[in-house]
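Each of the two complexes below includes subunit A, the first together with subunit B, the second together with subunit C.
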Partner chain A sequence: MEALRQRARELLAAGTVQAVLGYAAGSEPDRARPCFVRTAAEADGLIWNEHCRQNLATYLQKPEVRALGRLALVARRSTLRALLQLAAENQLADGRVVALFVADDGAVTELPTLAAIEELVARLPRGLSDADRQELDRIAALPLGERQAYWAGEFARCIKCYACRAACPLCYCARCITEANQPQWIPVSSDPLGNLEWNIARAMHLAGRCVDCGSCSDACPEGIRLDLLNHVLAEEARTQFGAEPGYSVRKDYALASFKPDDKQEYIR
Partner chain B sequence: MTEQRILSRQNLGPLFERLAADGRRILAPVRHGDRVGFERVTRPDEVALDYVQTRTSAKSAVFPPYEPLLQFALQGKDVQVAEPAPDAAPTVLFGVHPCDAASFATLEAVFTWDTPDLPFESKRANLTIIGLSCTQGDAYCFCTSVGGGPGDPRGSDILLTPIGATHFLAEILTERGQAVARLAGELLEPHRGNGKDAALAQIPPRFDARQLGAKLPALFNHPAAWQEQALRCLGCGACAFVCPTCSCFDITDERDRYHGVRLRCWDSCGLALFTLHASGHNPRTKQSERWRQRVMHKFAYQPERLGVLGCVGCGRCSRACPVDMNLAQHAQQLAETAV
Partner chain C sequence: MEFAVSAFEPKLVAFVCNWCTYAGADLTGTSRIKYAPNVRLIRLPCTGRIDFMLLLQAFGKGADGVIVSGCHPGDCHYTAGNFHARRRWTLFRRLLDFVGVDLRRVHFAWVSAAEGAKWAELVNDVKTKIQALGPYDAFPKRLDGRPQPAEVA
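Then we have the complex of A and B:
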């Protein structure tokens, strides 16, 4: 934690960045909150623990945050992947942010360029946590009807507050499809059809783009495991199209690119 | 008209049966893992009586997340309009905490201040509230900062307060409460003088909402009061949608060429779209202006215009917020900010 604070102080003191986006202590010991450190003295408030989960790359699209100037971003693996995916989608210019990657042992690696991020991400372990993998396998093993009932039960609790969208670093559309009404693609009601269409539309839009940060389900006030849904589609996009979002700034978006030799086995 | 009686926990079953026999459905807190929510129940063993707070509030009983206001159909050159009958079955809301019970006064103030809102009023008229005093709170509870308390009877028709592990003190507070008491009959036993306060949670006040409300207009343009707090706000609607008093809605027509339905759905001042004009102009361009609106509306505008606070201190917004925008903490900071 002290290494992180020290790096933040140095970056601010040298004028390399105007603000460090990190985490500060939250309301309760089991929470952390995003914070915006503007002076070296404020860096004392930075913390790092398992509760620092909201993907801070989400803030890069926010005008008030952009206005702060050049930024350093306290990052875990999924934050780095979000930065690369945003760059791949032309949403992030090289050098606009300095990533401060914090390893499990608290060591801080400063990554000033996208190339440096690519190099580090390539070396990090991949995959889900054991608990997430088990839960995903449990759901996947359910017979179709039960699996359908599971997700219907989850979506029944959705109140369409759009916290999932707001917390997602890759949900940056200036105008979300759920707000389009000419034509109205997604029913506005949080009824079974409206909730199904909203959550499926969002998951499909993230297929091959999601970087598995879990901020969507962390944000959901009803605790719907949207991260698992997204992960299923991520695996689908990977096996079918070789999509590996967040590992390179040069990746094509699987659902928006065409190759003559694309696999077509999914058409049945 | 308050009467005090004793209700044994064993008698909850027979009470539920009598309510059902009278044609009333029962909504009560039900636990699923770490999540508690209001659901329709038939038996007391389905009900979580030891919960601190549900994720979403009980306002859906009178103000559901989505609701059809009218249906229309094009027939030749005529438009046929039909108003659907509101779903206003006689309902008992059982086991809501005093903060939620108090929230109905705010909702009523909004929905009855001008043109009668029939979808709301029909449901409210058929709703009886059996509250449950709080014997435990958590760090997010702040009812005592906004004029409430863990044993506050306001809003409840009957308020139950646990006495030991086996009984409740039942305060019968209103005519609707009397009607339930008549159904309960001998299930409500004479009160033998047990104290109420001893069982209640301790929720220390953190600020004075009335004083804060009086001060807020002077803080409207304060350079530091809003922007720093709102920098981390993601601009979702979670706080408003879990809030028991937030009552803003959007009206949308959904239609094909010949048929349509006019819906009202929950909306939130935290969403950028909330104030977006058809012209493309948005009078609230920054998230800090949206967050300010939320605080001002609850603590200044509603008290001034409707005579009610827009906050009951349930703490749901702060528990639900993905980025820990703690309303009580910010209100406390504002209360301590020099004008």
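Then we have the complex of A and C:
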């Protein structure tokens, strides 16, 4: 934690960055909140623990954050992947962000360029956590009726607050399908079909792009495991089309490309 | 006069592309091939235009089965629309299955403008299968533009 604060102070004092976006203590001991550190003195407020889970890359697209200038960003593995995916989608210029990657042992690595991020991410372990994997397999193994009932029950709790969208680093469209009302694709109120449509649409729009940070389900006030929908699609996009979002700045969107011999045994 | 007790007649919605399947279905008619009248065709410019939301809306408005059909790979009027659509469907099917939507009710096919007979066969086959499955009551509905009230947990 001290290494992180020290690095933040140095970057700010040297004028390399105008602000450091990191985590500060939240309202409860088991919470962390994002914080913008603009002077070296404020860097003492930065913390790092297991509750620092939110993907801070989410803030980069906001005009008021863009206006701050060059940023340093306290990063987890998925934050780095989000940065690469944003760059691949032409949403992030190289050098706009200095990533401060914090390893499990607290060591801080400064990554000033996208190339440096690519190199580091390639060395990090991949894949879902064991808990996520188990939950995914458990639901996938349920019989159809029970699976339907499980998700109907989950989606019935959805209050359409769109916190999942707001928390997602890759949900950056200025105009979202949820706000389209000519026609109204997704009803404003919370009804069973609309909730299903919203959650499917959100997951589909991230198919082949999601970097598995889990910020959507962390942000969900109802605790719906939205990230599982994304994991399922990510896995399918990887096995079917070799999609590896967030590992390279090369644009390679599975749904914007194709191979003539893509799988089609379900089409007659 | 006596009427047989009518079996369940499923509502099928077919999203078809303008250039191949719609013309193919036309050929079915001009060839005087009879097929199940349960299907409602919705003509779109290309399978690439068939947003996954359309399928959900069809079920939400009371469809018991959905058919999606367009040009064979390589025959797309817009060169590659069906290739892109195919990738989208592959992912979409996986997600539908995971959230518990019955994949036996979603059918994909390539039907060219010359395959009038294949179209009739396809619709008849889907109709028989959906008939066996019965109405799709498990899917949430929004009939007459009104949402079902949310169930009180």
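Just so it is clear, the second predicted complex is superposed on the first by the 258 of 268 C-alpha atoms of A that agree within 3 Å, B and C clash if a C-alpha of one lies under 4 Å from a C-alpha of the other, contacts with A are read in each partner's own complex, and residues count from 1 in each chain.
Convention: contacts are C-beta pairs under 8 Å (C-beta built on N, C-alpha and C of every residue); 3 or more make two chains touch, one makes a residue touch a chain.
In this text, all values refer to a predicted model and were calculated from it rather than measured experimentally.
A.B. asks: Clash or fit: subunit B and subunit C on subunit A?
C.D. replies: fit
A.B. asks: After lining up the shared chain so the two structures overlap, which partner does A:Pro187 touch, if you call subunit B first and subunit C second: first, second, both or neither?
C.D. replies: A:Pro187 sits against subunit B and subunit C alike.
A.B. asks: Just checking: does A:Ala116 make contact with subunit B only, subunit C only, both, or neither of them? Give me first, second, both or neither.
C.D. replies: A:Ala116 contacts neither subunit B nor subunit C.
A.B. asks: For A:Leu128, select first, second, both or neither according to whether it touches subunit B, subunit C, the two together, or no partner.
C.D. replies: Neither: A:Leu128 stays clear of subunit B and subunit C.
A.B. asks: Contact-wise, after the overlay, does A:Gly26 reach subunit B, subunit C, both or neither (first, second, both, neither)?
C.D. replies: first
A.B. asks: Have a look at where A:Ala40 lands relative to subunit B and subunit C in the superposition and call it first, second, both or neither.
C.D. replies: Neither partner.
A.B. asks: Who does A:Ala254 touch here: subunit B (first), subunit C (second), both, or neither?
C.D. replies: second
A.B. asks: Hey, is it subunit B or subunit C that touches more of subunit A?
C.D. replies: Higher number of touched subunit A residues: C.
A.B. asks: Is A:Glu197 touching the first partner subunit B, the second partner subunit C, both, or neither of them?
C.D. replies: second
A.B. asks: In the overlay, answer first, second, both or neither for which of subunit B and subunit C A:Ala3 touches.
C.D. replies: In the superposed model, A:Ala3 contacts neither subunit B nor subunit C.
A.B. asks: Once the two structures sit on chain A together, report how near the CA atoms of subunit B get to those of subunit C, whole Å.
C.D. replies: Here the least C-alpha separation of subunit B and subunit C stands at 5 Å.
A.B. asks: Across the two complexes, what residues of subunit A are contacted by subunit B and by subunit C?
C.D. replies: 157, 187, 189-191, 194
A.B. asks: Which positions of subunit A touch subunit C when the two form their complex?
C.D. replies: Spelled out, the residues of subunit A in touch with subunit C are 139-140, 144-153, 156-157, 177, 185, 187, 189-194, 196-197, 199-201, 203-204, 207-208, 228-229, 232-233, 236-237, 240-241, 254-260, 262-264, 266-268.
A.B. asks: If we count contacts the way the header does, which residues on subunit C are in touch with subunit A in the complex?
C.D. replies: Touching subunit A from subunit C are residues 52-53, 56-57, 60, 73-74, 80, 83-84, 86-96, 98-102, 107-110, 122, 138-142, 147-151, 153.
A.B. asks: Flag every residue of subunit A that touches subunit B in the complex, lowest number first.
C.D. replies: Those in contact with subunit B are residues 26-28, 31-36, 54, 58-59, 62-65, 157, 159-163, 165-167, 179, 181, 184, 187-191, 194, 215, 218-219, 221-223.
A.B. asks: Report the residues of subunit B in contact with subunit A in the complex, numbered from low to high.
C.D. replies: So the residues of subunit B touching subunit A come out as 34-35, 37, 55-56, 65-66, 139-140, 227-228, 230-232, 234-238, 240-242, 250, 252, 254, 263, 265-266, 268, 271, 273, 285-288, 318, 320, 322-324, 326, 329.
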